[in-house]
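Just so it is clear, A, B and C label the chains in written order, and each chain counts residues from 1 on its own.
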Amino acid sequence: MSANTATAPAKALPPRVALRTWVAIALFAGFALVPVLAGLIDDPFLLVTATRIVVFAIAAMALDLILGYGAMVSFGHAAYLGIGAYAVAILSAYGITDLGLHLLAAVMVSAVFAAITGGISLRTRGVYFIMITLAFGQMAYFFFVSLSAFGGDDGMTLGRRSTVFGQPLLEDNLVLFYVALGFLVALYAFSAALVRSRFGRVLTGTRENRIRMQAIGFAPFPYQLTAFVISGCMTSVAGVLLANQSEFVSPAFMNWHRSGELIVMVVLGGIGNLTGAIGGAMIALLLEDWLSLLTRHWRLFFGLFLVLVVLYAPGGVTGLIRRIRGGPP
Amino acid sequence: MTSLFLLQLLNGVQFGVLLFLIAAGLTLVFGIMDFVNLAHGVLYMVGAYLMATFAMITGSFAAGLALALAATLVFGLVLELLVFRKLYDRSHLDQVLATFGLVMIVNEGVRIIWGTSPLTVPMPPLLAGSIPLVGPLQYPVYRLAIIAAGLVTALGLWLVINHTRVGMLLRAGATNRSIVSALGVNVSRLFTLVFAFGAMLAGFAGAIISPILSVDTGMGESVLILAFVVIVIGGIGSIRGAFLGALLVGVVDTLGRSFGPILLRTIMDPSAASQTGRTLAPMVVYILMAAILFARPAGLFGRNTS
Amino acid sequence: MKTKMRVLAPILASSLLAGAAAAADDVKIGLMFTLSGPAATLGEQGRDGFLLALEQIGDLGGLPTEVVVVDDEQKPDVAANKARELVARDEVDFVVGPTFSNIALAIHKPVTESGAVLISPNAGPSPFAGAECHPNFYVTSYQNDQMHEVMGAHAKEQGYDNVFLMAPNYQAGKDSLSGFKHSYDGGIAGEIYTQLGQLDFSAELAQIAAMQPDALFTFMPGGMGVNLVKQYRQAGLASIPFLSAFTVDESTLPAQQDAALGFFSGANWAPDMDNEQSRAFVTAYEEKYGTVPGSYAMHGFDTALLLDAALRAVDGDLDDKEGLRKALEAADFQSLRGEFAFGPNHYPIQDFYLAEVVKRDDGKFQTSIVRKIFDDYQDNYAEDCEMPE
């Protein structure tokens, strides 16, 4: 049954591909104009919110890469967010403040962690996969909780943001925002190219029919593991940016609720098309902000929203658009 | 040392029995309906809150427990009819999302109804106090009662599943769902029954633990993850697996916490041992799960899905 | 657009204040407490204590006062963002909060760097008491370690020589045990770090039973403490003295009830504090909110008094940063706990007591002062602080 719902995006007709790319470009252009808007209405905080959205969009997009295209529901992806954030914090504590080195360390550690845990997790399927990734996420969480030299459960404040070529450029919120946006656009382009490549086709092929892929000579495991590692590394980039944005790191970045929130973002936007994940991150964060302004009991309404979306708008925003355009459900 | 070990073993078994009560319903729902229910933990919480309320109103532990059980059963039925029923033929992702939302709704709802302060349930006088074990060591009677209640429930479940018609359908359903509906069984009613019964078991766990633990809104979450670990270790859909998995997790977690640092001290110096012990103790259960899944990807008693 | 939980201070007799309000600026205060999740009770007490004072004073320093209440959700990253929002979007002059130390670490930088003043009515983390002290950061409660030092001193005075120590495995837990050992030099029966958020202590209690120590010292805030206290009594260990910090107080006693009777705690105040103002506060608080106020509420109340006094000292001139700082440092207000002064690091110098849980005639539970342990006590970090001019 789940396989049926998942087939729809794979049969995407060429015009729809164009639409989602256009939507993505429109979203990027919209993001690029946020600082102007913030200046017009004199609300510097808008930029902070926008930076968070962009950062979580990167993480959600990375998750969509394996969740949407590879049908691997990772419930422990927040771990990579945490690894990225701690790469900044730990290196900075030793006086290494360069953004490039932070990114390099984050990506390398994530690649190793993803290769090991992915190698074990991918032996399982379905619900078992969800649960074992959750378990690895919790292990990473508890590891950082007991890392008392770097604040343990309390987390630690960053003295300063990462430097670029020795210059404290990111201290300016505006620069940080455009750097984050630059990463989002670049990683979107990379992901879009990846899913269109032969590699991406094998991945989606495995999602649709594993046996057939094996029959025509593809062993799914190396492809799935590679995708899992790539996704982990991309998420850790979001972690590096998140640490810079909040100037604070804590194990709270990586508890299982955060992993759940990443899934929420991907599914809200619609899985398996990258653009949806970006939209989902935007909707989830803005809705949370807006509801918490209205009521202290915002979680009640946020939960209600999630249940209603699943019940009455399956496929998230992209599913909705598809239905409005009269495509297959 | 041996008597302390015995005491810790009892503690581990008691924790395991509690986990079993929660995991039993979860594994049935998982196995038979192929349904990921993140909201199972809140049923445990709701059971405890209802127990606190009914015990206070009636002034009696037994009456409170009976009412709480009935109320969680009804609560489970309502949830099934309103939400879950519509999700059975959806993807796992949709189920994760909807039940994640449900967790938020119920947690916040409980906070609105009962407030944010933790509640407490008085210990029934009959079961208060401790019995002496060895030397200065004592064991609370109430914890023994929990172990007994859990074992009786496990036995009852075993009888129902292996020796009744409903049990036969459940076993058939866990193995092959389409066959059961092909047999002309009203699958929808069976699902509702299983779900409500599972909710009641989780509520029962919450209700009987409430005299020991404070009743608060976070209580469902830590238990939920451990219950997932239990059923994945045991094999999804297997009651026997859930029982053994629960005891394994309960005992390993308890002994790991108390004897892990002592064991480590024999191979490294004390300060390093205590630091390593502290780091490892919370991870032991997850390491156990990863190791078991590495060896047996479908758990101890699960069918191989591939 | 901005329909945040705003609580406009009640405008008193308009004729009296109309002139002042027209002439002076508004003062805008952001309250940040943990108002959701399992620990919400503590945050609610702090918020309610502050708002109660505001209601009694009317307007702080005679300035029209606007209060923005936000919930930090006990998540440091959420808190850091909301703190940024308070200073950047709401442009508050003061942030009062938070409840927990890890939140304080997260919001310290965004608030103080913006030029706003951060006053913590509960969390008193060690880094900001020492080398990282900041001119825009004040603490009206205590430095965290002090409560543990109180219990260490008490254990030493009692002549205990075999104390069992237990705390959750996180920074505050480790600080707690080292704080205890700072003023206690007797023997240690055992030392356990439990998992943060652990609710069943059967394994640890079994070890304590096997050791039969002279006393237990523990730090188990919130729900952990509720469970530990109940299980400690159920396990038949209540004959072993229960010394604690932040484990039995007015926020947890409604759930612990009889199980906590006779258990000890360190305190800088208790609801039976013997002074007129404190008695009036407890009565007013219980009347309005229906619960017994703990030190969380008292600190909130005191913080509002401090702000009121400081704003009056500068005649409501918020632009007089230098004068405002001097006025805050002078702390020229009547604290509910009696004597109160700021040390050079902006942490309080005050008396500390041993408190015990008692049952009142009306059936409610509260802590009660047994005896004074420290007189005009300052934290151990103050000397590392070189406050920038």
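Going forward, a contact is a pair of C-beta atoms (placed from the backbone, for glycine too) under 8 Å apart; a residue touches a chain by one contact, two chains touch by 3 or more.
As the structure is a prediction and not an experimental result, all values here were calculated from the model.
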item: Furthest chain, CA centroid comparison against chain A; value: C
item: B-C or A-B - the one linked by more C-beta pairs in contact; value: A-B
item: Distance from the mean Cα position of chain C to that of chain B, given in whole angstrom; value: 36
item: Separation of mean Cα positions, chain B and chain A [Å, integer]; value: 31
item: Residues of chain A touching at least two other chains; value: 145-146, 299
item: For chain C, residues that touch 2 or more chains besides their own; value: 36, 169
item: Touching two or more other chains - residues of chain B; value: 111, 278, 282
item: Contact footprint of chain B on chain A as seen in their complex; value: 1-2, 5-6, 67, 73, 75, 120, 123-128, 130-132, 134-136, 138-139, 142-143, 145-146, 256, 260, 263-264, 267-268, 271, 297, 299-300, 302-307, 309-311, 314
item: Chain A partner contacts - residues on chain B that touch it in the complex; value: 30, 34, 36, 38, 83, 86-87, 89-94, 96-98, 100-109, 111-112, 225, 228-229, 232, 236, 278-279, 282-283, 286-287, 289-290, 293-294, 297-299, 302, 305-306
item: Residue numbers on chain B that touch chain C, as the complex places them; value: 3-4, 7-8, 11-12, 14-15, 111, 116-120, 123, 128-130, 135-138, 140, 142-143, 211-214, 216-219, 222, 254, 257-258, 274, 278, 281-282
item: Residues of chain A defined as touching chain C within the complex; value: 43-45, 48, 52, 145-146, 148, 151-157, 242, 246-248, 250, 252-253, 292-294, 296, 299
item: Residue ranges of chain C in contact with chain B within the complex; value: 36-38, 40-41, 44, 169, 191, 193-195, 197, 199-200, 202-204, 206-207, 209-210, 212, 223, 226-227, 230-231, 234-236, 251-252, 254-257
